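Multiple structures are listed underneath, in structure tokens.
Each of the next two complexes has subunit A plus one more chain, namely subunit B in the first and subunit C in the second.
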Partner chain A sequence: MRMKKKMTPEMVGLSVGEKNFIKGGIAQDLRNDGRKRLTYRPIYVETGVIPQANGSARVKLGETDVIASVKAELGKPRVSHPDQGKVYIYVECSPTAEPSFERRGGDELSTELSIALERSLLGGKSGAGAGINPASLLIKEGKVCWDLYVDCLVISSDGNLLDALGAAIKAALSNTGIPRVQVREAASSDEQADVDVSDEEFLQFDTSGVPVIVTLTKVGRHYIVDATSEEESLMSSAVSISVNRHGMICGLTKRGGAGLDPSVILDMISVAKHVSEQLLNKLDSEIEAAERANEEEP
Partner chain B sequence: MEYVNPEGLRLDGRRPMEMRQLRAEIGVVSRADGSASFEMGNTKVIAAVYGPREVQNRSQQMNDQALVRCEYSMANFSTGDRRRKTKGDRRSTEISLVIRQTMEACILTNLMPRSQIDIYVQVLQADGGTRSACINAATLALADAGIPMRDLVTSCSAGYLNSTPLLDLNYLEDSAGGADVTVGILPKLDKVTLLQMDAKLPMDIFENVMQLAVEGCKAVDSYIREILLENTKTLEIHRGV
Partner chain C sequence: MASKTGSTPATYSPSPATHKKKRIPIADVDWVRPDSRGFYQCRPAYLRTGAVSPAAGSAYAEFGNTKVIVSVFGPRESKKAMMYSDTGRLNCDVSYTTFATPNRGQGSDKKELSSMLHKALEGAIILESFPKTCVDVFALVLESGGSDLPVVISCASLALADAGILLYDLVASVSVSCVGKNLVIDPVSEEESYNDGSLMITCMPSRNQVTQLIVDGEWSTPKIHDAMELCLGACSKLGEVMRSCLKDVVTDLKE
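Now for the complex of A and B:
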């Protein structure tokens, strides 16, 4: 069984003095780049970056740079859930971000991120409480549905990959157009149902229920939001909470060694809810601006 | 299928000797020692260079020169149909090898013994000519990393369809079944460092097509030099020169 590779301070190359400086700064609410503990780095969103996909977006959070693309393909609903479509989330870490990601080196982190995203965005096994409603992907019960493949690529990493990926997926879904489908009644209604996929008409995906992910990283006695990789290397534990527009928690992941007192976790959740409001507003306005910029382009 | 219509226009409206639009940017991955993105029409790639740094695998260390390594990977969403295997398949392995050999030939490896230079190329969108775009991006990334090179390496492809030599094939033209000649040159030294072709061509036509590809490489070279010059001016301003 392989040991989980942690982002150790040695890998990021921090001296004892630097470590103390970062920890001290966080304790005094003044981080290395001048931010307060609960401030996000500037978010930059660009949509429609992958023209051949149904929807796509590129999000830069400081130096963290990720791309998310959404592809819709026709498929068959699962036998256990004939009234739902399927959503798959897959993350890949490019070696351009980190030399250790070459060949299979990035697999562990990719899997961890994919599963954390699925947990935050796709709800329970029955599909209940999902940020992306699988019932909206149904075309014909038991026969035809949309399979949504959400593929993400991490190009550059400076910490807080999960939040950036969550934001990128939300932006990509806002940019996604699902073709309108006409179901032709088949003569023998056994397995195949013929569908006419429109080339012209597209339905915009409804993203009002899609949550954002807020990761709180505990360094020393305080938590910070949107940690850089330097700050992440000093963390004792991290909790990622996905919150939607209505202030409801859609998923929770705790990562990292040190144990947390339950009251601390409850406090982190309320902090995350508070921060997520600002993040949601900022993200929505950035997505709108990006979509407008797309339309203005000839 | 008509790849060059009677008026002499190709499927995307270009003339036979016209390249696609080039766009390059330096420094897209700040964590890397050098990085660049390169676009040729709809083909978009990012290259990142890490090095010279300590050799990770001691058994591969060379005492008189640097070790150059390369990995080519394609994003899931880079091709029209969603791609299942992004790296490790035969095509990716071959292209990694090709890029490594091409760049190794032009890097002054003997100036950096016992070290390792890693070149990672990530394809974001593939629309024909990915090999060439990767080499061009790698050249820019190596220059951004300040790694000493004999010359820039630039690459371009050309083909032959409907009895016409065509410069810089896109995916549709590449899949048409005609010849696809990829050339990589060292422009200042005027030497060919990479030459690959598939399908078959008569000898005299091959010469024309290859010459066309070399002209394309030279056009890429002048564009790359422009980009590098602009980048240097920006660096000068930041240094307060």
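Now for the complex of A and C:
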């Protein structure tokens, strides 16, 4: 039985000596847990954790633990885009992760994460570069479409929430089954169109286009990938880059107030592209293993 | 605001709401900009400080059809924070008037702009210069004609300078949209609604530092290089325009 009493930096704060130790280690490519600057913590993926949702996944990145669930409901397309379905991404930071998240405390972080995820996964206004193609959610143009609600919950936070959430959404989408619908032609051409939602047949989502998010945290003059919350408390700024399988940048968010030189940002983009390849492969194999484990269960 | 010239009719009959035909950009054909600008040409900027007299500082900006007014109050006692802090606090709020968008009330779902404005400005303000107090920045978008957030950010930094808050540098912001195969700078709302990707940079021109960068859509690395270079060039020019606007006020006072 492990008795672990962790004093998080948010509770006590790091001493000057500890800060210098971490910074010095990073400068020498050696982090507190023995990783190199560009190495991720071991990723653990479990799919199908929420039976009532259309798709769900739980991802553990070291001590960071997040759950993503996908629910599909019938809705009406927007007037401005009648040929597209709608996707909503919402993140909730649970007080179990941090006591300060109780009630309104986690709101700011939740909105920041939700917006960053929407930007990475939904692409440009015309739908280009979208991980989830809204046009595939259409049932009847202008009348009926699928509304996809992606809800994420942060259970435990040890840094790098955005990457873990991105991975969880990708895994949840590969686990998602949208019921097949048949449109019954309505007698009168009014707003309502009858649809038959099948209970048996499900269509799987194609997640090969879903990008993965890589957050590069700048500590001193070097960048690290997958920062723990200790390392995040030392950061001057962080850039989260979303890269898809074809090496295209699908979204970029800079976090932290400090200014960055433009050449540094361009350098970070190339580092992120390099790291994302390994992460994508690792994640895909983990998701496959999780899906297989699901099927083997009686 | 520009006044309309032309014959004034005896009676006024409102023209029916014209649903302009929406042109969807075609992949291989060059996009023609609605206001016949070049691709790398920004809209002419009209900037004026001192628009709101009770505020500590204020600015009004008009970039084509995008009209924004920003007022800054402070440093003053902060109502929210009870805790002591040896740096000042910045509080930003961006809101749209109900008549800012073609459909009434469309701007109310743009709540994330306040946090984006906060992130863009906090890197430029010397917060240590006003401990225990807070500075409020209120931005109001009077008309949304595209590229709203960059105009709000530039106008807000002008208002902060007008209020006398100590800044590391003015903050200039420009956005670029990828429409079809062309990169267009300073997009209007029509171009924004059909873009394949958009990139917004906020930078401090004299220090050559980027305080905020937001990219969405699909980009290849060389395209990002080009877009960033374009934006940074435009930001430094905008920074000069902002500086001359501030200097004009001082020269007017001297005369």
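We take it that the second predicted complex is superposed on the first by the 285 of 298 C-alpha atoms of A that agree within 3 Å, B and C clash if a C-alpha of one lies under 4 Å from a C-alpha of the other, contacts with A are read in each partner's own complex, and residues count from 1 in each chain.
Rule of thumb we're sticking to: a residue touches a chain if its C-beta (ideal position, glycine included) is under 8 Å from a C-beta of that chain, and two chains touch if they have at least 3 such contacts.
Small disclaimer: the values here were computed from a predicted structure and weren't measured.
Aligning the two structures on subunit A places subunit B and subunit C side by side, free of any clash. Judged by the touch definition given at the top, the superposed model places A:156 against subunit B, while subunit C stays out of reach.
Look at A:111: by the touch rule set out above, it reaches subunit C but stays clear of subunit B. By the touch criterion stated above, A:251 is placed in contact with subunit C alone, subunit B being left untouched.
Residue contacts after overlaying the shared chain place A:16 against neither subunit B nor subunit C.
After superposing the two complexes on chain A, the angle subtended at the C-alpha centre of subunit A by the centres of subunit B and subunit C comes to 120 degrees, rounded to the nearest 10.
In the superposition on chain A, contact is made by A:95 with subunit B only, not with subunit C. Following the chain A superposition, subunit B and subunit C show a smallest Cα-Cα distance of 11 angstrom.
Contacts of subunit A with subunit B, set against its contacts with subunit C after fitting on chain A, share not one residue. Contact residues on subunit B toward subunit A in their complex (touch as defined above): 28-32, 35, 42, 46-48, 50, 71, 73, 75-77, 79-80, 82, 86-88, 118, 120-122, 124-125. Those residues of subunit A that touch subunit B in the complex are listed here as 49-53, 56, 63, 65, 67, 69, 71, 73, 90, 92, 94-99, 102-103, 149, 151, 153, 155-158.
On the side of subunit A, the complex with subunit C involves touching residues 80, 108, 111-112, 115, 119-120, 122-126, 128-129, 239, 244, 247-255, 257-262, 265-266, 269-270, 273.
Per the touch definition, subunit C reaches subunit A in the complex via residues 25, 111-112, 115, 119, 122-124, 178, 192-198, 203-204, 207-221, 224-225, 228, 232.
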